[in-house]
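Two complexes are shown next, each including chain A; its partner changes from chain B in the first to chain C in the second.
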Partner chain A sequence: MKRGGQAWAWFWMIVGILYFFLPLVATFLFSLRARLGVLSFDAYQTVFNDPNFIYNFSYSVFWALLTIIVGILIFVPTAYLIRLRLPQFRAPVEFITLLPFVIPAIVYVFSLVRTFSKPPLLIVDSPVLLIAAYAVLSMPYMYSAIDTGLRAIDVRTLTEAAQSLGAGWGTILFRIILPNIRVAILSGSFLTFAIVIGELILADYLVKPAFAPYMAYLMQQKAYEPAAMAVMSFALTWACLGIIQFVGRGSDQTQIAGGH
Partner chain B sequence: MTHLKLTNISKEYSGTTVVQDFNLDVEQGEFVSFLGPSGCGKTTTLRMVAGFETPTSGTITINGQDITNIAPNQRNVGMIFQAYALFPNMTVAQNIGFGMQIHKEPKAAIKERVNEMLALINLEKHAGKYPFQLSGGQQQRVALARALANHPQVLLLDEPLSALDAKIRVQLRSEIRAIQKKMGITAIFVTHDQEEALSISDRIVVMYEGKMEQVGTPFEVYNFPQTAFVANFVGTLNSASAEVLDPAKGLITMDGVQLVTVEDMKNRKKGDAVKFSVRPERFSFASEQKKDNILDCTIENITFLGAVVRIQVKIGNTKFNMDTFNNPFLELPKIGDKDQVTCSKEAVLVLNH
Partner chain C sequence: MTTVNAVKRDAPQARPALPKFSWAWLGLMPFFIFAFLFLLYPASVIGVRSFQDTKTHAFTFKYIVELLQTPYLLGSYWISIKISLITALGGGLFGFLLAYSAIRGGLPRFMRSSFMTFCGVASNFAGVPLAFAFIALLSPPGELTKLLIALGYNPYFHGFTLYTFWGLSMVYMYFQFPLMVLIIAPAIDGLRREWLEAAENLGASSFQYWRYVAFPILFPAILGAMILLFGNAFGAYATAQALTGGSINLVTIVIGSQVSGDVLGDPGLGYALALGMVVVMAFAIVARTLLQRRTERWLR
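Up next is the complex of A and B:
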């Protein structure tokens, strides 16, 4: 790259970093001004001392974990089956998994409420609906991550090798396939976690004591605490992404094989 | 006694027949190779024995038991794949012991068998390694041990050496054969490499376009090919067109040159067009020893191939290759020299098209 070109590359990178990080820095500095005249972590302390914070955050973490487990149980066998036996369904299924990107959350939640608030499907208050709703929201990330993981291994040959040794489908899935896509599952899981923790519309309209509605409520009542929570949300999301990068970088155990 | 029997096996995909009327009896402890070009149906046939494909018609039995419709994980058939297929999340020892774990064998028995297999493949020091830490040859040895650990009835090998470099391939095929003989296990080996098939098989099944072209020992398949395809596919071959001169005496003529053959030409008449073949190594110089056919020729080209010297001669208007062992003390002819070559009547093959 010529010197002039390199200078421009650096220029636009700095502009981009400033564009993204300046508002964050401003938010962070604002969150430190809870005590007059002094920069302090008082706002953060207030948040952590609020019993509602612990309750709402724990609530979201719990349902995020359940969503991850349900997602793994549904999407791993689905992606596996499609890759192994039904490749003709790959494109339609991929299309379906991308629908949450295009359907607005408000439309989604209203259709859930409308569909599941009448018999025989009266489960609008049930936690089952919340998990299912979160699983669908996280579908593009979880399914895509699992599918990418399956692409990196020779699913068919590993399956046939296991079958030739006497393994049934359950053994193949849990002892061969799952362990070899654990990095992909972790990636999908952390993304799902981040989405569920930060999801507002579903939790708010289904009247659930989740973390995001608590944050929204706090924004209306306090000044500095919402800024502190915004910074903490970013930090949590980046931590999740960082863990994904770290775990994914450590996995070089792909099989070296001809014909793969 | 027949250990593995394939009877009238056929396989169709969407109206296309990929395997047609395949019949084979394999004895206990026999090593049979399926040899043929890509797409000839050899792997499909193997996969039907493994249970990964279901025959459209026909039956497969092992030790008298019909396994045609039995699930692959119920057949107790060991399989080795071209891509090794070792489980990346398991160590060498865990891979080898996997089958026995599935069958809920006692831990002590698994450990003993794993150690036995590791000793068999000379990888005792690598028990704790993962597949990505092994070379291709080592991985394939582990795959072999894993397949054998379970005491399979039949061992199936689907081009297990294709992914390896030439030197390792030669070494490993001998090891596979030695282990198979030692354990007395029936084996089916799929390959497109004729040298592999010829060197390690008790019998070879040559396949082409879904059909069995010939079944026989390597010696029979190489020296007495029954079809033009087998003659061309197995070994190198000189082929030329000729005309029948005297079917009763086995005389044919090519470019005015007469050749005699032992091939049965009762169904042919004088003037019929035929194709005949002679293996390069069946020619020799007439000055060394005169055989049934003595043919005038001109030396066209000489190629030194190491252990073999390939001399291209022109007989009539047709060029033939003659292979002779390299002998540094034997003077070779020069290009352009007139000479005579000879071959026996058995060497002249007139094959079915």
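Up next is the complex of A and C:
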């Protein structure tokens, strides 16, 4: 079993690694073929000189940052209060935060469009709805990241120490708790960032400028520029998730994929 | 807890203290308002309007009945379920073999941690860029296709196309098997070495160890993970849309075309279709939770 087992282990690992890297290598090669006969970075140049790319991409970054801020403002106080004072709300709140796994994103968008496109709830065109929807889609990750972070610190002692020194709730939350769970918040934020940047459906159906819909649009028009954008998108996702793995070393946080 | 209580402690108590009423739940209000407005309420709209006549608003089962009698819509569920089952089984098996190889295969230690990092990234990688990566690899002008043609084998002459069911399954596998690795890794870690040693000492063959020890313990974990993979593929939309432009009628694709306009001819039918997806997902999640409890008996 020993020798044969190891050979099989190598075999499967090599197959797995090929499956990982072949599509990535192919995309990269493809993106270099914009000029006939030679490999060049022309496609990247075109993309960076494309004002529409800059426009859509900066909007995606803007949405992502807003979503992260909204997520922190809503989920940190909630998770904190549940840990400190209201453990009886843990089950219902966790149930709600996991709902986006049960409701596929496309079904969720469908319900949003239908709910908010007639008076009195006519906000389907408002960026508020888009940000709220991004916050919902990233909620399972953001909330569990924050909750994991809170589990690792002594919330009660920190709160009581701050209170005995005269701190108010705002001070406790934003100057004591928040800095103490910054690693957890950071990993939740990067995951949210990756989700928002890669998210196609929401911005597409709520008709807002964003990176993924623009890339999908460009895929129908051109060959090499979308390849360059796919490579950049790979790199961005890798950077985000790589940073999470790096800062989150030692914590036993697992994640479940979504948003496909 | 609060400062008010601390001050009052010195005062003599005139009457028994009132049961303490906490205002702390008010702090949860932003969350509940947010969740109600942007998640629970819109989701409930789907549930309600599936059973509500679009014109009269009266309670009705007619959309559910119509859904079950429309072969086109049932077919879309069937394609979605089929691709989810196939990629859950395939991705689950492959992912398990990979995870076992990485953890117990006697490979160098660094390989395990970097492999896990890859899986964390790849399982999150989907949608437009993923679709494009496979187009760059295996479409007619793709890199691997060109390489194979140069070697004298054109896969497109042998019935292969990327833009069909099996092509899409192959693309789904890219995020399915890394997810399996991530989910199943803790269970494999929990498989104690003593059990293998004990089995070997009692003269068990490798097959017997797997058949009577490891497999029965791992089975609920593997099945539970595969169910999660099923749900993961079942809800997928962007990858299929970007790859095939909607030519494969997954149920998510049909709902997607229903979002912007009423392609089914009756909005009520769209709601029923969406509700059906939620029901399937809910079944999957419940089954997974039950299996997880069984797993925890042995593996912690």
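One rule holds in what follows: the second predicted complex is superposed on the first by the 240 of 260 C-alpha atoms of A that agree within 3 Å, B and C clash if a C-alpha of one lies under 4 Å from a C-alpha of the other, contacts with A are read in each partner's own complex, and residues count from 1 in each chain.
Everything that follows uses one rule, which is that a contact is a pair of C-beta atoms (placed from the backbone, for glycine too) under 8 Å apart; a residue touches a chain by one contact, two chains touch by 3 or more.
What you see is a predicted model; the values in this text were computed from it and never measured.
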Have a look at where A:A26 lands relative to chain B and chain C in the superposition and call it first, second, both or neither.
-> second
Touching partner for A:L18 - first (chain B), second (chain C), both, neither = neither
Touch check for A:L158: first (chain B), second (chain C), both, or neither?
-> first
Chain B versus chain C, judged by how many residues of chain A each one touches = C
May I ask you to decide whether A:A167 touches chain B, chain C, both, or neither, giving the answer as first, second, both or neither?
-> first
Given the touch rule stated above, what does A:I69 touch, chain B (first), chain C (second), both, or neither?
-> neither
Of the two partner chains, chain B (first) and chain C (second), which one does A:T78 touch, if any: first, second, both, or neither?
-> second
Chain B/chain C common contact set on chain A = 163, 254-260
Could you please specify the touching residues of chain A with respect to chain C in the complex?
-> 1-2, 5-6, 8-10, 12-13, 16-17, 19-20, 22-27, 29-31, 73-75, 77-78, 81-82, 85-86, 89, 93, 96, 99-116, 129, 132-133, 135-136, 163, 191, 194-195, 198-201, 205, 212, 215-216, 219-220, 223, 226-227, 229-230, 233-234, 237-238, 241-242, 244-245, 254-260
The residues of chain B that touch chain A in their complex are 50-52, 71-74, 76-79, 81-89, 98-99, 102-103, 130-132, 136, 139, 143, 146-147, 150, 156, 162-164
In the complex, go through chain C and note every residue touching chain A.
-> 1, 3, 22, 24-25, 27-28, 30-31, 34-35, 37-43, 45-46, 49, 94, 97-98, 100-102, 104-107, 111, 115, 117-118, 120-138, 141-144, 173-175, 177-179, 182-183, 186, 206, 228, 231-239, 241-242, 245, 252, 255-256, 258-260, 267, 270-271, 274, 277-278, 281-282, 285
Can you check the complex and tell me which residues of chain A touch chain B?
-> 153-154, 157-158, 160-168, 171, 176, 179-180, 252-260
